[in-house]
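Residue numbering begins at 1 within each chain, and the chains themselves are lettered A, B and C in the order written.
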Amino acid sequence: MISIRDRLIFTGQLLFTLLVAAFLIVPAILSMLAGVTVNYFQGIRSGVTLQWVIQVWELYADTIARSFVIALSALTVTLIVGIPAAYALHVRGGRLSRVVEEIITLPLAVPGLAIALGLLLTYGGFSDFRRSWLFILAGHVVFTLPFMVRSVMAVFAAIDVKTLDESASSLGASPWRRFLDVIVPNARPGILAGSLMVVTLSLGEFNLTWMLHTPLTKTLPVGLADSYASMRLEVASAYTLVFFVMIIPLLVAMQIFADHKRRQGAGR
Amino acid sequence: MTGGQGVTLRVEACGKTFPDGTRALEPITLDVARGETLVFLGPSGCGKTTMLRIIAGLERPDVGGRILFNEVDVTGIPIERRNVGMVFQSYALFPNMNVAENIGYGLKIRGIGKAEREARVAELVALTGIEGLVHRRVDQLSGGQRQRVALARAVAARPSVLLLDEPLTALDAALRERLRVELDRLLRTLGITTIYVTHDQTEAMMLGDRIVVMRKGAIAQIGTARDIYFSPASRFVAEFIGATNIVEAECHDGMLALPGGRLPIQNGASGAVVVMIRPESIDIISTEGAVLSGRVGDVSFIGDRQRLTVSGAAHKPLLVDAPNSLGIKAGDIVGLSVKPEAIRLLAGD
Amino acid sequence: MPFNTFIRLCLLPLAMVVVAFFLLPMVRLVIVGGSGDLGVGAYAAILFEPRFRATLINTVMLAVATTASSLLIATVAGLFLQRHRFPGRALLVAMLTFPLAFPGVVVGFMIILLAGRQGLIGSITLPLFGEKWVFAYSIQGLFLGYLYFSIPRVILTIMAAVEKLDLSLEEAARALGAGPWAVHRDVILPALRPAFVASGAIAFATAMGAFGTAFTLATNINVLPMLIYTEFTLSANIAMAAALSVGLGLVAWAALALARSFSGGTVAAAG
């Protein structure tokens, strides 16, 4: 038996939650619609078109390609740097490891603007480096690395990797073989989760990138900011639509992955 | 609403079917007297906790079921207005309050003034023997201390019915034994009508004025500890309570025909029967003149007695409790005697 | 190869990347911050120069308002979503967490679509009240943007915390006579406190340093990230921009460190 009061409370909370969801989702839907509408001011009645998307492609295809190149490069670097580091920090333990962990997670606390300024002040004089997309990559690596390291370390903490490592060494495997044959395969869920995070964050990174970019090294979010300031609403929306299309698969993959992990956890 | 200590409790046709269709409880009717301690005993999944939660008001019985305190229907009253005291298996002490605040919480909710609250808390602290802990945080308490705080908290507001859900299960064996005695004394002192849920038969026999043995959501037997131990209503109850021998045999002329001999029984049954014989009611005697005999298998010395298995007497080896002074070893041939009144005929199942 | 050597080798790439692209730039930032016309006094100027102080106060107030509102909204919605099962619930959760991956600039654009000159709110209020409500580029718009950014994050944290709540604590409180209101006050909200501290600190730190949203919306509003940006690009006052960045970084880091010392867990801000 549900009392009238309980039902009122339920309805009130539901309405509130729906309102919050609407606040978040309605503008996203509006922007997707605007991106394919002939004239947003007149509304969808003016007709549906792909002309804005095509225009975005003509104007900004290079930024999209560059964003992918940077995101995949950032992924490569964070994999090469992050996995061994996570392993070493986990097996080494102790105070020094905690201090190192603390330092590499600092970029999560320090605003991107500050990191970008620091990079500019330090490397602004090396003009070849400053002008290339590698300069942006450096910023992205600093920003995304902690996600990879922590994601992998979380797996290590959960599966008792030390014992696995010791048993492999008792069978005669060298440290390098153990790392390749035992550590990396067992860290796979963490590596996958970390990789999804790194790519998603890199594709959407703006705070650092805006400061680090040059007119020749624009990325997608930089182009977005550009179009928001200078293009008509339909083009800006179409560009945003392209961005959504790029990140939604990543988000869905992350969600499926999280559900999968949770179900495994529950089954244990 | 019913107040004060000790109400009569009536459970009327209370069944429970969960939304997924699982039948947790068949409709059950029973009465609990003022001040009585009734123990629900059974294996996990037998429905005993569901019964307790229905009495508490945490679950609603299926349509048609009613709970009455002092003849007043409380079925529609939510737990917070039912005036019950409840001790959870995990104790569920509030981590954001210290011991005194935990014990006094029910009084505070009832709007009782600070001075009276403190006096009552002090009274309960003394009663449960946790003096000196009142200002402790609950995560600084040992298991036994938590149990006492949970009990003090549950009875502080003088509930109509006290409900205990496996309150000793989370403790180690030695502590459990000590607290069992303490709990028994406390329940007698308080005189509150008490419902106690456990899977531990020793706890049930020691604490319960009456015991309800549950099986698969239904009552297998209600009775005093003695009733249930000596006169189990079914094979399930006999096997669930204490160690026992279940013997299947042919019976005629007042004698049980067994492979190792014949045993006189009281009951005039004849044909295929199932009987129960407790290990302690079988005596080891000399083989000479013995009506039943067998060969000793294992001998386990337990301290106050030794437990033997004797094979060859019945179709399956018999458990026999022998005095600890008796010199006996595996392989010995022994005679067995059982008083006719110690052989209980069991209903089927 | 000895094991210890291997471990050191594993840490070598990390050390190189972090030193070269994070520690060195941070040190440089601190030094440059103290090397302008004001010298080390630039750091004091953040607090005592009226223009900077007003901006700092403005930013902190905005961040506090964002934090408090996100916590309130997320607690109501998070408790509701975790405590009830109804058709469409999964979709609702997905809608509430979908904007997690939006960068600040996109969030800014979302606010433009809501409250800009061609925005939804304006087109609703025009027939209703006879005027178009346009506030995307004001401090209210920025507040809405920060809220948009932090709600999904806070909701996720709070839902996870609600899921871990010990139900028997609530049942115990009810058995002792506590009604729904008292159960929330005495059991649920105290148990959620660590989640409030953790997610609140993240919301605060993120709102302090949010550049993307401010860049899209706040060309005329005094918030710290925009001040840093204009000092650096328009005024070419590089030393002051550096000093302000260091100050901003310290405030954000302190909020997170403080939260962590309260809750014990790891607390980190995001883009």
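Here are a few things to note about the model shown:
Note that in this section a contact is a pair of C-beta atoms (placed from the backbone, for glycine too) under 8 Å apart; a residue touches a chain by one contact, two chains touch by 3 or more.
Owing to the predicted nature of the structure, the values given are computational and were not obtained by experimental measurement.
Because contacts link the chains only in sequence, without closing, their graph is best described as a line.
With every chain reduced to the mean of its CA atoms, the largest distance from chain C is reached by B. Chain B has its Cα centroid 57 Å from the Cα centroid of chain A.
We define each chain's centre as the mean of its Cα atoms; on that basis chain A and chain C are separated by 16 Å. The touching residues of chain A, counted against chain C in their complex, run 9-10, 13-14, 16-18, 20-21, 23-28, 30-31, 34, 40-41, 77, 80-82, 84-85, 87-89, 91-92, 100, 103-115, 117-119, 121-123, 138-139, 141-143, 145-146, 149-150, 169, 174-176, 179, 200-201, 204-207, 210-211, 221, 224-225, 228-229, 233, 236-237, 240, 243, 247, 250-251, 255. On the side of chain B, the complex with chain C involves touching residues 56, 58, 78-81, 83-86, 88-90, 92-97, 105-106, 109-110, 153-154, 157, 163.
Only residues 1, 3, 6-11, 13-14, 17-18, 20-26, 28-29, 32, 73, 76-77, 79-81, 84, 86, 92, 94-96, 98-106, 108-114, 118, 120, 148, 151-152, 180, 205, 208-212, 215-216, 225, 228-229, 232, 238, 241-242, 245-246, 248-249, 252-253, 256-257, 266, 268-271 of chain C touch chain A when the two sit together in their complex. If you check the complex, the residues on chain C that touch chain B are 166, 168-169, 171-179, 182, 186-187, 190-191.
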